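Okay, got some structures for you below.
Next come two complexes built around subunit A: one with subunit B, the other with subunit C.
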Partner chain A sequence: MEKNRSYNRRDFLESGMRLSLALAVGAVGGLAIGKATASEWVWQIDPFACTQCGRCADECVLSPSAVKCVHAFDLCGYCDLCGGYLIPGANGLNTGAENQLCPTSAIHRKYIEDPYFEYVIEEDLCIGCSKCVKGCASFGNGSLHLQIKHDLCKNCNECSIARLCPSDAIKRVPASTPYLVKGGFIEP
Partner chain B sequence: MATGNKNTLFLLGPLLGAIGLLAWWLTHDPSRHFEPSIPGMDNRPDSSIVLEAVTIGEHFQRFSTDFTPLPESWPRFRGADFDNISKSDIPLLDQFDASGPKVVWEKELGEGHAGAAIYQGAVYVLDYDEEARADVLRCFELTTGKELWRRWHNINLKRNHGISRTIPAVNEKYILAIGPAGHAMCLDRASGDLLWGLDIAREYGAEIPFWYTGQCPLLQGEEAILAAGGKALLIGVDCATGQVLWETPNEKGWKMSHSSVMPFEFAGAKMYVYSAVGGVAGIAADGPQKGKLLWETNKWNHSVVAPSPVCLPDGRIFLSAGYGAGSMYLQLRKNGGVFQVDILAEYAPKDGLSSEQQTPIYHDGYLYGILPKDAGAQRNELVCVHPDNIQQAVWSSGKSHRFGLGPYLLADNKLYILDDHAVLTIVKPSKTQYEQLGQVQLFEGFDAWAPFALADGYMILRDSKRMMCIDLRK
Partner chain C sequence: MKEKGLYIFLASLAVAIAAIIVADFSSGTAEKGQGNPYALNIEEYKSVDPALIHYREVRNIRLQCEHPKAIAYANGRLYLGADSFLQTITPDGREILKVSLPASPQCLYPSVDGNIYVAFRSHIEVLGPTGKPSARWEHMGEQSVITSIAVKDGILFAADAGQRRIARFSVADGQLMGYFEGKRGKGAFQGFVVPSPTFDVAVNSDGELWAVNPGNHSFEQYTNDGALRTYWENLSQTIEGFTGCCNPAHLAFLPDGSFVTSEKRLVRIKVHRPSGELASVVAPPEKFEDNGKAPDIAVSPEGIIYALDLDRKMVRVFEKIGAS
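This part shows the complex of A and B:
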């Protein structure tokens, strides 16, 4: 009798519901797994390829730019005569605005002990113009360099700075290692 | 009456508003949150430099008296003739095999950029011992690297892009060295005995340049020639006694640079040419006027000057400096017994021959030099220029052959160039094109900037912490 029981409309609907639920759960799980394992990419500047052209300040869709100067303190010489802080031929080695290279005074100079000075960047003031980076690269150890800050960057599909970067220094990097910060005297 | 009041109100309201806006505009300071950038915000103390009392050259230790004398010498910065050209007729390697030249010996040194002088088989290096906190003049045997003796004094110095950076001057009788903080000492060459010491900063109120003294001292027979700054621009000291024989007044308050004093003879006058921080000058080197200022110009004034003047036989003088300074080209003339200088050219580093640290070589009518990092597209390239057109390269090594701040020297009609990372390159000093003969990485170097010394086919070179002697003989 049991075997010959007819497969009625109710059974069909119940089976259909179960199958739909299983498929839905599987799809959601699959999406979640996919999301968790997908490799995402973000834009970043290779500081060793950057030629400090200044375009990062102007071409970013954000204003001010998401590109900021960062400082590799382990590379810095902590010099009194800092090529990243002072204009060439500065009248005085001091904090006078007329002697500073940074157009927004975003770099703070602090005396540590003779003959060392520490240079700290105030990110809110930095516009990513790279004047300090150029000065540091020309006369110092290159400890000042540009990086795209990911708390600011919109991660545009078509980064407007990358399109114009003359040295192809802006590239996609895995989101798991989003910064290319100098240090340890090692070039990539 | 009611209509009149209404009209008054209509007029009074905007008027009061306008007055209020005017008052706000007059009292509002949109820059009230600005912070002025004025000197002193870095908390630099008024006077951070405390001169330490140093008993110059007080300690001595001899390790051996046994060493092999050799015939040749490289007795000072830029060699015997101040041109950085070896006159030896020993044939030298013009290419390297995979293993590079034979390494004769290596020494670990204190961090710095001080090169060596060689005198008849002995190598003299001014080192800084970071553990003992001491300036140490060390003498090694050239062929083995065996340390023969050392003389030192204690002084506390901190790393500042290295510490030691000067090359001793040596002649038959004397050795003259200047330490990082301007402590000059003169020794008897044969015995290593201290003859005298001079604290230039204390005695002359001189200011030691950024990153310590880079001036390599000059020995002229029985006289030590030192650039001071402070109350005397140049001084001449009797090597035997330490007595100051003459002083050039420094009325304009020029300061000591990293540049070294270069002897020059022009229009029958012997002079010392010195590129100071503040200007460049020629000082009489002989006769009754010895020490007198013959000519000067303050048109050449930069805060950091490392290359030494290159004086050409026709009186043209090439000056260069780093940190954006570029170069200046002077013409020295003598009219009616009086010297005068005219500026032939002054230009940015990217606009002609320029140098940040090393001094270009004048050879067979052409100048060879390595452009600095701020020379634009030609940065760090070796260039050859003709003195008649110093801003136009006859040739350059091109972007695939860049060098750095390291030394270069001409020997056996070949240019030997060391880059920052201790890559040694041999280049033919061609007048028409860059011709590289050989290249080898000697070791994983860092800041290999010290000038070379070469004698009897042995070359001494170093990076910031390691000195090496290589055998360049064929």
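This part shows the complex of A and C:
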């Protein structure tokens, strides 16, 4: 009887408020810790899912696009007849403007030794149109591919290219592994 | 009265806005865009004049495996290498033999005496007619990637795409006899140009050893010692020739000495006359996956072409129209 009288309505409200306060402080602290320790995420293109639709060039909020062609040199055949550099049916295997596939001449062809040539992307000129990527994939080893360059990308909350990408090739990846670069030995 | 007019105006506005939204949604304007102004159209290279197609696909044999790798025809049966096993089947698909292998086979050569030579990435093993291993030959080095083998005059020729050369082994004892690199004359820098692991050798019915030089899109005939006897090449984006970084990927011979070729990426199978001109198309690109792998090919003495479709995991059988 004495015990029941000591835990009255006022006590119940006081203990309830204390519990609520402790929970709120704990939640705020937990969120703060979570935010402080959570890894950042960035947008990137999966080169094996990309279908070279050309949207990366036009749909990025930046102009020119933050999407650029990159070259996996360990996959490249260093071919004289390069499907990523030359238009199909080129009238010569040379650097003539009429033979180049890239609309901005962003690929440099450099003689290494007979019959091998190295192809280097000039990033400032590349608009990410993927024309060379399709040529390389259709006729070569597929060493040219697109990547979002993180020194350019604004890391928008909703990537405007990802929203329209028909193959869902653009996805969030941890900032600790921001590039999905092709490489290694490929099957014929 | 004034309020009634306002309600009518607002209702009309709401209907108009709804109509615009519905019209915009149904027209698909947002998705249509301007098309792709940078599109690279390769469709014209995929289309083949139907008059050139002299073969028809008569049947398929679906395979129970994850990674089919190699096919060969000998002794009235098909030999298949896949995953980590060797299988022999009848031409209509009934299994005769299936044996496990220590690793994934790269290519194989069944000889008329029943022995089966199986090449792995960098060495060759010999199996008896029952599939029992009888010999393991010398390791060719860490850089080696054997992509094709052929036997002629007691010599096994192994195309090594990794080191861009052809190794010669004695069939009798498995001893390595030497290499040749396909250089056209003394001092020549350029030999076999192999930008990817597609490098094939085959022996025709006249006993001639032919090797594909894929980076040069050429076919080169060699003596047993590795001296170049003759060659032909045809670099072209059109169906008459070979395109891409490294084609053809696979080679076989019809009984009359015609070349049967299989190409990668723009996948197609063709027949070229012994003199090199295009004779006919066996299978146009539309029969295969886009940017697919080149099918390995085998030919029976009757001229039936067996293509191992690596993407669809099946053997596809092609016969000349009117042959049967």
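One rule holds for everything that comes next: the second predicted complex is superposed on the first by the 148 of 188 C-alpha atoms of A that agree within 3 Å, B and C clash if a C-alpha of one lies under 4 Å from a C-alpha of the other, contacts with A are read in each partner's own complex, and residues count from 1 in each chain.
Quick note on the criterion: contacts are C-beta pairs under 8 Å (C-beta built on N, C-alpha and C of every residue); 3 or more make two chains touch, one makes a residue touch a chain.
As the structure is a computational prediction, the values presented were derived from the model and not from experiment.
Clash or fit: subunit B against subunit C, after overlaying the two structures on subunit A?
On the superposed model, which is not a single observed complex, subunit B and subunit C clash.
Considering only the touch criterion stated at the top, classify A:C129 as touching first (subunit B), second (subunit C), both, or neither.
second
For A:N94, decide between first (touching subunit B), second (touching subunit C), both and neither.
first
Mind working out whether A:P178 is in touch with subunit B, subunit C, both or neither, as first, second, both or neither?
After superposition on chain A, A:P178 lies in contact with neither partner.
Applying the touch criterion given at the start, work out whether A:S138 contacts subunit B, subunit C, both or neither, answering first, second, both or neither.
Both partners, subunit B and subunit C.
Quick check for you: in the superposed arrangement, does A:G83 touch first (subunit B), second (subunit C), both or neither?
The answer is both, since A:G83 touches subunit B and subunit C.
Which partner chains sit in contact with A:P115 here, subunit B, subunit C, both or neither? Use first/second/both/neither.
After superposition on chain A, A:P115 lies in contact with both partners, subunit B and subunit C.
Pick one for A:A57: touches subunit B only (first), subunit C only (second), both, or neither.
A:A57 sits against subunit C, while subunit B stays out of touch.
Spot which of subunit B and subunit C makes contact with more residues of subunit A, would you?
Residues of subunit A touched, subunit B against subunit C: more for C.
Is A:P103 in contact with subunit B, with subunit C, with both, or with neither (first, second, both, neither)?
The answer is second: A:P103 touches subunit C but not subunit B.
Same subunit A residues contacting subunit B and subunit C, which ones?
After superposing on chain A, subunit A residues 77, 79-81, 83, 88-89, 113-115, 137-139, 185 contact both subunit B and subunit C.
If you look only at subunit A, which of its residues touch subunit C in the complex?
Going through subunit A, the ones touching subunit C are 52-55, 57-58, 76-83, 88-89, 101, 103, 113-115, 129-131, 134-135, 137-142, 185-188.
Any idea which subunit C residues touch subunit A in the complex?
Checking each residue of subunit C against subunit A gives 33-34, 36-40, 42, 45, 147, 189-190, 193, 195-198, 215-217, 235, 237, 243-246, 249, 264-266, 291, 293-294, 310.
Would you pull the subunit B residues touching subunit A in the complex into a rising list?
Listed in rising order, the residues are 36-45, 48-49, 158, 160-161, 210-211, 302-304, 322-325, 372-374, 446.
Tell me, which parts of subunit A touch subunit B in their complex?
77, 79-81, 83, 88-90, 92, 94-97, 100, 105, 109-111, 113-117, 137-139, 185
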